[in-house]
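Down below are the structures I want you to see.
Shared between the two complexes below is subunit A, which pairs with subunit B and subunit C, respectively.
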Partner chain A sequence: MEVDREDGRSQNQLRPLACSRNILHRAHGSASWSQGDTKVLAAVYGPKAGTKKNENPEKACIEVIWKPKTGQIGKPEKEYEMILKRTLESVCILTVNPNTTTSIIVQVVNDDGALLPSAINAACMALVDAGIPMKHLAVAICCCVAKSGYVILDPTKLEEQQKMKAFAYLVFPNSVHSVLPEGSLRVEGEPIENGIITSVTHGIMSVDDYFYCLERGRAASVKLSDFLRRNLQQQSTDSSKAG
Partner chain B sequence: MGLPNASGDLSTEVEVDAFRRLFPLRFYEKHLLESIRPDARSLGRARETTIALGAVASANGSALAKIGSTTMLAAIKMEVMTPSLETPDEGCIAIDFHMPPICSPIVRPGRPAEGAPVVAKQLSDTILSSGMINLKELSLDIYCLDADGALFDTALLSAVAAFSHLEIPVVSLNDDGKIVLSEEQGLSDREPVNKEKRKINLSSVPFSLTCVLHKNYILADPTAEEESIMDTIVTVVLDSSSQLVSLHKPGGTVLAYTSAIQDCIALTRQRVKELQKILEEGISGMEVD
Partner chain C sequence: MEGRLANSWRLTVNDKNFIKTALLSEIRIDGRKPFEYRKISIKFGREDGSSEVQLGQTRVMGMVTAQLVQPYRDRPKEGILSIFTEFSPMADPSFEPGRPGELAVELGRIIDRGLRESRAVDTESLCILASKFVWAIRIDLHILDNGGNLVDAANIAALAALLTFRRPECSLGGEDGQEVIVHPPEIREPLPLTVHHLPIAISFGFFSNESILVIDPTHNEEAVMGGRMTTTVNANGDICAIQKSGGEGVPQRVIMQCLQLATSKAASITKQIKDAVEVVNTERALRKVKRHPTSTGVDVREKQN
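On to the complex of A and B.
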């Protein structure tokens, strides 16, 4: 079914992605991620000694500070901080540096839809830039269910507010390129990249729509994983040439 | 206290309470192998739930909900307001969630609890997006009196119960052309705008269930101890027509595969039926009074 989107994209087409690392020189790691007009900057400082009061000192602790583009910090920012913290805690290997705190600061430069997924992607790239040990990358995508029932990926702000009755932010692990035979990396008969790290939904959708969003999200996360892989490999070869 | 035996397992030498404090995860895993939990619930069963409507006499609608030991008090106050120009036939709703220090030893006076703004935002998103009410000016306050896991479930249940208890008071026009509450001004000779107190109309009421994922096990309705040990929490909110209002899984070490999600949704469907029955019993109990 052909769907008319304002910017001429097809249903499953993502906006142009751009990512650059090591843009802030004082931070231990930094990255800027943009999907179309949505742009997010993430900086990582750490690991620093000591954990906060209620945190487990046998593990590393992750602290997230979300800075909106304008306005004061309120409840939506606290919710984003909590979601990002839990997502990144499940991605990082916390037992390597116990009793330390890693701070991640996310600054919203422009919000044109799919803000939280962009922030998760930016934060992940910044963690890679800082060299924090991670199990795998977190690849985040936004899927929308329209009032007429079709599902589109990566909506702009206009699409989010006007056309969509519900949307879901989904985060998957990145796809695996492995030299091992196919069967050994499966959990419960499904490949690891099908597992959901995080899922946050807004609005009402039917259960079947949600599972359809999951499928589309998984397909898109494969494309995003490839983009991340190329980006990371390219930048690491550049720096090795310079150094 | 004996020395650990060859396999390093202190369980035979140490008392149950000490083992529970020292090795909480292993304590729980021993129970999970037998498909049971320390409070003798099976894995998919929620704790005992009760609702008491009309707990606060001075509020227009109120309810006290308890799931196990988690207790939430919800109260709704209605005020007359002038609607904004953009939405002339809608009012607005303000939802506030408080976690006073009474609810849990980890909440200190003066410092707001960490989980509170998150639950507040989730709650307002769920209530507003579920389309449960047509808006007038409503102010919903939820107080957590005891925090023992599954805070969002109990808060949503108390909010829903308070809404079903809510009665819109009688209003009338006074001399300035403003609408006021009839009882306040003593204008009983004025013609009231609505003849009698009426109940608010609720369409598609949302109910939720929080589950904790640990390896292959799914535990429904966790206590605070379970939530602190096993960090992967999934909250599913379904409304009465089985539409998915929200599926909230904020990170966590365990990745959720499609089968786990389907199991959680199935458990939530069962729970929705139980909660609907409990709510109806509570409402019919009130009406008899």
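On to the complex of A and C.
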């Protein structure tokens, strides 16, 4: 079905992606991620000694601070912080540095739709830049179900507000390039990239629509993880970090 | 997690002595001369009123938004200008989230005095309906990276954001002319703010031995210096504000030297800001011309009214 999107994209087309690492000098790791006009900056400090009072000192702890573009910090920001914290906790290897805290600060530079997925992608890049041990990367994508029933990927803010009946933020592990012929990362017989790390939905959608979103999201996450891999490999070969 | 050892950063005694001794021979650790400014780069975001300034390693982002509110009772015909500074924890491990500390408040006040009390931004043109509706301009400054001299960088970010900000046009309507209709940007072009002059903040650092003076200190130099002074001047040679809070005492002739230096630096920085804003404005105008695909044969060089 031909879908008429404002910027001429097809249903499954993502906006142009751009990301860069190591942009801040004081932070241990930093990254900037932009999908179209949505731009997010993430910085990582850590691991620092000590954990917060309610956290388990046997493991490393992750702290997320979300800074909106303008205005006070309210409930939506706290919700984003919690989602980001839980997603990143499942991606990082927490047993390597027990009793430490890694702080991730996310700054919204511009919001044009799909803000939380961009933030998750930026935070992952920043963690890689800081050298925090992780099991795999998290790749996040936003899928919407329109009022007329079709599913589109990576909506802009205009599309989110006007056309969409419901949307879902999905986070998948990135695709694996394994040295062994059979990838050793199989969970209960299924390859790891079929798993879902996080799924947040807004609005009402039918079960079939949700599964269709998952399928589309997973296909797009393969492209996103290729982009991430290319970007990280290229930057690690030509940039020399001097302290 | 207040006051944890991991959060505080201190220079070693060797580093401090090195910086001080180098300054005796007029050498700074990043290779600059004592009266040389770092490279300033001003970039703008997609929206009107968003700027990002990089002064050496210091990085500040400025965002301007406007809202219609009721004016203050004692100033019914003037708009409101408020500045919010966010010392983001990403700039420095010692910045804690939450309530702004002393430095954040001082920085906000210096920039506020420079803009408001020198009447750089015309607040009377922000009044739509006296005593009922005025525009409240809110400037958010996010410090992203602390490489020293946050005041100057934040000031430039605030000015760049103010110059590229456009507020919606509104007109009076309704039965008795008491209702305000705000026109969306697609119907009527948003208007720029009236900025009379650009107050530029220039910071100096004083060092104890032989009353050495440097301009635009980096954060290593800030940890070593004995006193600091920020002067806000504009390109016309007017002094908008001077802030020297505590620290070492300096003789009068040094203050006069600082003011003269500041005036000459302010002229070049003003030119740089205006050039950057000019480039962005022409780019935006060209983009708006392309926004109307139905109009055929539009010559890009012509101005669209």
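In the analysis below, the second predicted complex is superposed on the first by the 232 of 243 C-alpha atoms of A that agree within 3 Å, B and C clash if a C-alpha of one lies under 4 Å from a C-alpha of the other, contacts with A are read in each partner's own complex, and residues count from 1 in each chain.
In this section, a residue touches a chain if its C-beta (ideal position, glycine included) is under 8 Å from a C-beta of that chain, and two chains touch if they have at least 3 such contacts.
Just so we're clear, the structure is a prediction, and the values are computed from it rather than from any experiment.
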Request  = Label the relationship between subunit B and subunit C on subunit A in the superposed model as either fit or clash.
outcome  = fit
Request  = Mind computing the angle subunit B to subunit A to subunit C from the CA centres, in steps of 10 degrees?
outcome  = 100
Ask   = Does subunit B (first) or subunit C (second) touch A:125, or do both, or does neither?
value = neither
Ask   = On subunit A, which partner's contacts cover more residues, subunit B's or subunit C's?
value = B
Query = So, A:203: does it touch subunit B (first), subunit C (second), both, or neither?
reply = first
Query = Which partner does A:224 reach: the first (subunit B), the second (subunit C), both, or neither?
reply = neither
Which of subunit B and subunit C A:195 touches, first, second, both or neither = first
Message = If we overlay the two complexes on their shared chain A, which of subunit B and subunit C does A:62 touch? Say first, second, both or neither.
response = neither
Query = In the superposed arrangement, does A:103 touch subunit B (first), subunit C (second), both or neither?
reply = second
Task = Scan A:153 for contacts with subunit B and subunit C and give back first, second, both or neither.
result = neither
Key: Shortest CA-CA distance in Å separating subunit B from subunit C in the superposed model   = 12
Common interface positions of subunit A, toward subunit B and toward subunit C = none
Key: Contact footprint of subunit B on subunit A as seen in their complex   = 54, 74-76, 78-79, 82-83, 85-91, 166, 168, 171, 173, 187-188, 190, 192, 194-207, 209-211, 214
Query = If you look only at subunit B, which of its residues touch subunit A in the complex?
reply = 106, 114-115, 117-118, 120-122, 125, 129-131, 204, 216, 231-232, 239, 242-253, 255-259, 261, 265
Subunit A-touching residues of subunit C, taken from the complex the two chains share = 1, 4-7, 45-47, 50, 52, 57, 59, 61, 63, 65, 86, 88-93, 97, 138, 140, 142, 144-147
Request  = Could you please specify the touching residues of subunit A with respect to subunit C in the complex?
outcome  = 24-27, 30, 37, 39, 41, 43, 45, 48-50, 52, 65, 67, 69-70, 101, 103, 105, 107, 109-110, 112
